Amino acid sequence: MLAFILRRVFQAALVMLAVALVAFALFNYVGDPVNLMLGQDATPEQKAELREALGLDRPFYVQFAVFVGNALQGEFGISLRQARPVSLLIKERFPATAELALTAALLALVLGVAMGVYTALRRGGFLANVLLTVSLIGVSLPTFLIGILLILVFAVTLQWLPSYGRGEVVQLGWWSTGFLTKDGLRALILPAITLSLGTMTLIMRLVRSEMLEVLRTDFIKFARARGLTNRAIHFGHALKNTLVPVMTITGLQLGGIIAFAIVTETVFQWPGLGFLFIQSVQSADIPVMAAYLVLISLVFVTINLIVDLLYYVVDPRLRIERTTAAH
Amino acid sequence: MTDFVLLEVRDLRVEFPTRRGVLTAVDGVSFTLAPGEVLGVVGESGAGKSLTGAAIIGLLEPPGRIAGGQILLGGERIDNLSPEAMRKVRGRKIGAIFQDPLTSLNPLYTVGRQLVETIQTHLDLSAEAARNRAVQLLEEVGIPAARERIDHYPHQFSGGMRQRVVIALALAAEPRVIIADEPTTALDVSIQAQIITLLKRLCRDHGTAVMLVTHDMGVIAETADRVAVMYAGRVVEIGPVAEVIHSPKHPYTIGLMGSIPEFDHERERLVQIDGAMPRLDAIPPGCAFHPRCTRVVERCREVRPELVAVGTTQAACWLVKG
Amino acid sequence: MSAFVKLEHVSKAFDVSPPWLNRVLERKPRVFLHAVSDVSFEIRRGETLALVGESGCGKSTVARLIVGLYKATSGRITIDGQDMRSADDTSEAARALRRRVQMIFQDPYASLNPRWRVADIIAEPIRTHRLITDRAAIERRVAELLGCVKLTAKDGEKYPHQFSGGQRQRISIARALASNPEFLICDEPTSALDVSVQAQVLNLMRDLQREMGLTYLFISHNLQVVHHVSDRIGVMYLGRLVEIGDKRQVFGAPEHPYTRMLLDAIPDLKMTGKARTPVAGEVPNPLDPPPGCAFNPRCPRVFEPCTRERPELLPAHGREVACHAVTRMARAG
Amino acid sequence: MMQALARLLDSDLWWSFKRSPLTVAAAIAAFLCIAGAVFAPWLAPHNPYDLAQISLMNSNLPPVFQKGGSSEFLLGTDQQGRDILSTIMYGSRVSLLVAVCATVMSMLIGVTLGLVAGYVGGRVESFIMRVADIQLSFPAILIALLISGIGRTVLPREMQDQLALYVIILSIGLTGWVQYARTVRGSTLVEKNKEYVQAARVIGVPSFRIMLFHVLPNALGPVLVIATLGVASAILTEATLSFLGVGMPPTQPSLGTLINEGQNYLFSGEWWITIFPGIALIVMVISVNLLGDWLRDALNPKLR
């Protein structure tokens, strides 16, 4: 157990280090920060001065160490576009993305698993076929188009829901939440649906195919032969075995939600990290890009770590060493 | 023993609709099973023996379906029961054991949980009583330190021990009939002998009847009271086991017995049946065995022979005179 | 006749250790699975030696060691005086040796590439070893080989899935024969087949041996089949040879308690009323074999040295046996 | 040739194809989309990028079935007077080109790495699969964004539009290989242990020949399925990138670029500028996805 956790944590740390290296390379070598900060017409003296001030004349590994040290304290320098500390920008934007992603992830997980189980058990049934067809559309529709269509229908035509922004938010310390006002919740509906739809259908299709696979196994057949109720077979035996392989992919999909938040936030002008990131990509605002990359990687790595640990809880084959098995 | 019929299969027909038409995998199979009797069903792969078993417990995999005939348990039809009624029959009145003990158990639950679940599904017992019964069952199938091992997961048992657990599960609600589908095929010879001995003892003690499906004549010889030989979906010979083994009537049974290598007399060559069992989509007209039969006559190619009684056995062959 | 195939103290261990981090943290040692330990035997030209034993006894590993699919951890394997280890490299000698040794596998469904035509499958050894280069001649040779295994030249145009299990196994045999080998290793060649088809394949193998003077190593768990095909029999248990000798000796008057138990465990087809005596217990975990004689926990004749000292394979009553009880009796008698 | 055709018409694959009307419809739709895209210069009613052919007089015309629509511009025009139908056809051409090139690139990288990992094993395998795991935990869209973001910074501004096509193919192609690698490695591990591969080794066939002629052909079934679905998802990724403004430039618009440009007119009522390219995109992706789904089920022996 300890070795398992240690190995996972070590791998996670390795990934983070690799990401930090990429971010650092971005920061320092892609587009000369001195040029970016001073503009094209600065004098060589000015450049040299800034170079020294930024520590760019020091050896590579020292610079990297400083970068990592700063990153650990949440320091990523000054945004080139907005001329404000990156950490401040991120702190402002983080709650918006977190609330959106969390809502979407919950929607996707709960509905995705439920629909997946339903379509597997009622294979060939009418509603199951409808859900399957709809899910195909869900997989085939790009997130941004879903957003646009939802806006067209619910905001432009019917005028039921707002088409952009977070609505009214309440400040809790530095955290701003939209969960506590009616306006904020209304503003959340369309973006959350947009963001969750793709993941939801993916999870649903995955659960369905895994469940069908499990339902074909010998132990399910043997459970039927023992006369267990359908309830016990489907929800006791099949579902648990289905969730073991589904967990990994679901973990990855939740990471996907954060990535696609970029798109959703762009469509709905949602003042979150993704929107910030896309603006920084368009204007080559490297410090923000680097900070976003590190932060998002941290989230991914954490999700993956949790999924790995969940495996350990669910599957006794991992928990109990094979070699201790007696006869 | 034979005056009371526990399980009766009448003219059973199992079909599989496919793109090239409907395939008949089991075709007019009839037999009876008395309480405490062991009926061996033997045949090569594709003969329809496992499907017959699956049809009896109502677990044919779609698109396979029972297309004709009746199955009676204690005089009552069970082939037309509702799914829910049939579920109550499974495990309670008819138990089943499958070939591979490695895959027959859910890997994520302890053996005890699976046993208790099965017991409580069919018997009105408290959790504690069910658990006690589970321990008792494990002891009965010869699992040492059952009280401790009940909380182990399937992967912590060896192959032979797992098959014992499977047997305990099949017997959990004291069914009157057990369908054992190749219960020893996946096991080594020495373990095979242990499992067969166990199965025989348990069924004698509980008075359970067994339909033993296997391709191994040796297992049949030492276990079964009667044996049905199947070929291409039909029973070609059925009778008391000693009779069928020592004086087989149907040319297929004769060939089958001759092709088994034996210790006592050394032969330069084995008796071989040329060709292979026909595929379901190409079953020859007349007697399905005629293309491989060395004693084929004109009528074999055209008219299908029915089972006729010869002494205590029955065989479906034109050369056999009743 | 001198030995054609010779194994001297051949062992094969697989490293199945837990990952490094687990070993360090949980203080676990490296673990080796000794699949084959110190196995020595000879096969004479033209004879059939059979290896029997239950699953996990190492008989298939022996087969794979001889054809070079595995490398032996220690020991020496020679074929016609030539060391198999030279088969590692791509030298001309190694190629020549490969040509002379071929193998027939267990599963007729997995042993033929489903995407190749049968004719191409059979021609592969010919092309690989460049035995014939002329296309028409290859075609003729393939037709001839198909004839050898009672198939027709037209069957070469088909794909494996169009054949039954028995036919496929015959195609495998034709492929093995294509390089004119002298030594065939048959790893459970009939255990996936039905009995009536098994008889066809066994008869064919026997005919081919007669016609071509082939040497066979026949591996099987089925004692009746082994008895039928072999001249000599080796019985394996947990990676070791426990008894080896002439078929009539070993099966007629088994000396090792394990051989005896195996024979007793065979179902009695003649129904002489003799109940089969199940062997007590199960094969121990091969990662942690019992000390001394590996069979001692199941042996009815176990006595003091068995749990302490591993018995050597020694001649006794016209065969070789690795059993303290037998060698002591032999010495006393 | 005739023989091969006859075999195809008799195969299970063709049978399952004929039996599913949805699949036939998808195949027809996919064929129309692809033909319309590939032959756009010959089939399109106008050339929207020929300045001589467009006129501001025709700007913002609604589609033909709405009031004010013209039969010359079946699906209406955009703000510059370009025929929407024609821009869609030209746009599909770009989308499809990017998607197919990126898929082929992913496939080549993935299949090679997967085959090598599966067949060689050991440290090579651990390394490749570890990289794949890490890559997989980052969504493709993010990596693609990063690559095109870097491209944007590194390349001189005047070259950006010219090179956009290559940058975007590269960024989508580089992120898609993991699935191929994992699948091919999986089937390679299975096939490698099958007895026909061992038989080839016993015969003395060299390793690379075994990989190429024995293992690879048997591992390709699932690759075909992934590639089909991969084209669909590459179309989506490209559209998303273009929508975000980091994909194809307006001078060389793909469907995503068109949707992005049209989006600004959504609120002022000119819905057709964005909705029709959107529909084209959806039809293209759904039909390809349907074909991929069918192929997966048809090739999966367990479902038969």
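By letter and in written order, the chains are A, B, C and D; residue numbering begins at 1 in each of them.
Here is the rule we use: a contact is a pair of C-beta atoms (placed from the backbone, for glycine too) under 8 Å apart; a residue touches a chain by one contact, two chains touch by 3 or more.
Bear in mind that the values here come from a model prediction, so they are computed numbers and not experimental data.
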Subject >> Path length in the contact graph (chain A to chain C, fewest steps) >> reply: 1
Subject >> Pair joined by the larger number of C-beta contacts - A-B, C-D >> reply: A-B
Original post:
Roughly how far is chain C from chain D, going centre to centre by Cα mean, in whole Å?
Top reply: 51
Original post:
Once you find the CA centre of chain B and the CA centre of chain C, what distance in Å lies between them?
Top reply: 32
Subject >> Whole-Å gap between the CA centroids of chain A and chain D >> reply: 24
Subject >> Multi-partner residues of chain D (at least 2 other chains) >> reply: none
**OP:** Specify, in ascending order, the residues of chain B that touch 2 or more different other chains.
**Re:** 158, 161
**OP:** Give the residues of chain C that touch two or more other chains, as numbers and ranges in rising order.
**Re:** 282
Original post:
Which part of chain C faces chain A closely enough to touch in the complex?
Top reply: 19, 21-22, 24-26, 31, 281-282, 284-285, 287-288
Subject >> Footprint of chain B on chain C - complex, ascending >> reply: 54-55, 164-167, 194-200, 202-203, 206, 221, 223-225, 227-228, 251, 261-262, 265-271, 275-279, 282-283
**OP:** Mind listing the chain A positions that touch chain B in their complex?
**Re:** 217-219, 221-230, 232, 236-237, 240-241, 244, 314-317, 320, 322, 324-327
Original post:
Mind pulling up the chain B residues that touch chain C in the complex?
Top reply: 44-45, 158-161, 188-194, 196-197, 215-219, 221-222, 241-242, 245-246, 255-256, 258-264, 266-274, 276-277
Subject >> chain D - residues contacting chain A, complex >> reply: 130, 134, 136-139, 141-142, 145-146, 148-150, 152-154, 232, 236, 239-240, 243-246, 256, 259, 263, 266-267, 271, 274-275, 278, 281-282, 285-286, 289-290, 293, 302
